[in-house]
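Report on one structure; see the data block that follows.
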């Protein structure tokens, strides 16, 4: 990150003046934390005792045999407390908030995963917590709303715009400019105004650090390829950082191909030709927008990848050809999910399953002595409503209908 | 220099100037036309016309909704530009564009300034673009002699105000409080201290906006600043009572 | 365990002759495994790379302050793969099945937790898998059924008897006597005919081994008390074994108090006066049964504690006064759950929340320099249908009704 | 010794004996009465009467359901005991009780044996109680001269059979196959090998049960073993056609 928050041509901080000072403070606190080895130690300690880091690197023996190529390893972020890598970022920011002396946190959430993680962190740290969530997502992800509320957070359904993630972000910013003195905005991914992309990536780098060490221990040398799904880009940045600059390790980001790259119903920013450079939500990146700069509606089976922008750091790495981007369609995702459950007894989140799709396409082409790592950013059992729905499971539908009859009296 | 001079000159004649706000294409350009006419006839001194954006991060619910509905009807930047040109040609007060940076960026910065110049637009308010982030923009503003209006906030330090002042032109837009547009502000002691800080930081005229809703609000600013900005309140008025209500409302503010 | 499978007066193996030989083989394989340090190493390795053991021991700082007594530590079995301690037992038995060369596993399940764990293990090990589940439980726990099926298991709803856990056990035995050559029955808790109680407890002892080491590292000495919920008794045996025989460590098992010990609607065997000695489901223990030896219907808000019998090893320890038994009512459980979510951002399973109830009652009476450990056997987010229902959450109900409308066309 | 002798004596007269099974209290004691009468009249040599248990682990669906329904109607062990006594007094064939160990245990082992003796019950089949687990039970069986019937299974090793033989009395119940009661068995070569192993292990008479459903099944056992056991099939018959159907069915088996 340069002094203006840029990574190459991307990033920056496009924020209302009212937030200027709070960003200055945040940048200072963040810089101090980064310089202070004790801070990272405290962070590691917290993640080791409250979540279960290091998360394992699991050898997927059955999938490996099935595809007959490279050894497939899965980095198990699904085993984090709250079920996804989101916890890493949130707990890190929690420590920072404590340092800054603020007493209230806010967050946006799409899938609900980041909202649950933030509500959890707030409960743990004793902060007040408000989570903004698009009304459409509130309806889709009621279980997550339930847990957030149970952990003491206030969930505010956002009724503007497309009523999804990007609108929740706007609304969170509106809260922040109003309550800037008391409040920290816990941004959920490696996007937004500087220093968020770098800071979130820093907290997530714990994934890559562990994976680097683990693959050397198990495999004896560097893997050939690393796969991660890319919504905002935080889990991808997290694992990629452990391997960036290592020769012969190829990094592959997988975006939401939705109904196909040519369908107009996807959320692929770097893969495909639908995104163009733009500035919104506080930063410059490749956005899915029309010619006049109005953001488009996106589509993905996974709420967590269904976003118009992408981490400026990843765009920079993409321009530098250090990360390759691919996409996975909704249909491919359901297939990869099915195979992984049946062969390994592991349930990737719909988001994570995107990374599995691409890995499965490429594993057979690699030698048996090579290794690849898939970053399993989260667990899928949180997505029962979406997954059972997507599989069109008749007993599930009947179950819901019966339950509703009980309630609808 | 143009805008700053116009404001200073007008200020010679009035104790306080009024700037109003409209969202282009909301509810329609036809209504915009009627509203602007009423505003000008009733003595408004300056009008900021918002080019709608799908992600108006700094705006409150009233203006947010107006942005969305305008876009839903298909409002384009080109139409906004043409409408701006039409107004500036018809009425002898300064017209400004307010929008977010992406609109300018996607239009092409230089092309945007050129077209604004042709349209006789005198200033631009871009709340998500600071001088650090907009080097080229601020250069072009000088080249094309269109004032880049900067915002002071209660959270801005003295140093920050001084630094912003070096890139500002036309006038300084002082946000009366934290938060987004649309809710009422109170002009208390803290506010006076803040205003004093603003004045110390710049020699440009000062406008105050965010939550100014009635004659009392305007009165409490008179003598203290150069211009009061009425934002969401007129949009609400048009929503509820139609464009005809705007004239009497404006007339009653001073 | 003596040569007949007894612990004091309890246990044994009351099985049809047809199973005799398979139990002989099982006892031999188990004895070999127990003697072979490499087996336990392989087990540790599996649990470290496929699940995320060691699971952390979390210091519950806010709850500690709230109650103002002993330091409260939580052993985080919820962070296991599949979300509960059940994984420990199941993976261990999986290794044993591999050793024995069998290719098919069966299991009973109540809450569905053990079924999901077994289906997961079967997918991982490439075994065929059938899970028996009472029809009532199938209806209550559809999400778990969905995941079992997705992992390739066949779930058979049991329509006999009370159509809950004990009937699923009977049915699993019927399958076993039919397919005894190919099939291993993965018993889910520390009950059933010998060697199951001891074997399951052995695999679960990983909890106590870790906790012992962890509390010494963090607290510097032994804890004053350990709390665990008791359904069949496996998670309790798991943690207790790390501290049995240590002076000054009191072990407390918490049973399901349901609607109260005097309501007749509970599942408390050792706490309360409703259970008597008996022999069923292959072993001798304290059963909730009538004067003639017919088993009674039980009740608990948590499906996993809702069982007529209890581990013979625990009954023996109870007789020896080495473990104290208490009970927690449904209402107390919901309250403890609520508090834990709000204060620590942790969601205990309904089963586990029973242990929290008793710990919360006793923590304030202990000194601030003392420590207690609560075994959090599982995570509650798997129980959304039960928990949201028990909290009578109106938005949840509306959500289900709306979903049903979508399906009911 | 009693039961074994009775069986040996009867076997002198017939090529194969028949043992049948009823679940006490299902569908009612009244029906039980009718069924037993029909059985005895049509030449059944021995009847096992199951005292229902809520957890009949070794039974298949037909008998399982019968157990549950009987209990649902409130059948008690005391009633079963009285019914056993009544039958044994009325008919001159051996009557046995079949049940699970918990029923005996809860009744009180010694009390159970005493009452069985009084009722003139000649044997007990407890499928979940092995000699190792039932030391006291087997002692009492000797004391009270009531035969503890043991089961051989195809999975039993020769050694195991020999060892069971040491505690067995009356006859040996050979389970025809793996599995629970109620589904058909096939009497193939493997079965013959198994039977040979059974015979080698004991001098007691052999009964074969599990899935014997018709005349052909009985015929294929004739000459090979002493007694065929008809279990679920008569229960099914009573369910479907009433107690009157039992007589002709039994009569047709040999």
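The letters A, B, C and D name the chains in turn, as written, and every chain counts its residues from 1.
In this section, contacts are C-beta pairs under 8 Å (C-beta built on N, C-alpha and C of every residue); 3 or more make two chains touch, one makes a residue touch a chain.
The shown structure was predicted, so the numbers you read here are calculated from the model rather than taken from an experiment.
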Farthest-lying chain, centroid of Cα atoms versus that of chain C: B
Euclidean distance of C-alpha centroids - chain B vs chain D, Å: 98
Chain centre separation (chain A, chain D; CA means) in Å: 65
Mean-CA-position distance for chain D and chain C (Å): 38
For chain C, residues contacting two or more additional chains: none
Overall pattern in which the protein chains touch one another (line/ring/star/complete/other): line
In contact (per the touch rule at the top): chain pairs: A-B, A-C, C-D
List of chain D residues in touch with chain C within their complex: 53-61, 64-65, 68, 71, 76-77, 100-103, 105-107, 127-130, 132-133, 150-157, 160, 164, 175, 178-180
Chain C to chain A touching residues, read off their complex: 48-52, 55-59, 62, 76, 79, 81, 83, 119-124, 126, 139, 142-143, 145-147, 150-152, 338, 341-347, 381-382, 384-385, 388, 391, 393, 395-397, 399-405, 407-408
Interfacial residue positions of chain C with respect to chain D in the complex: 4, 12-22, 160-161, 166, 170, 173-174, 177-181, 276-282, 287, 289, 291-295
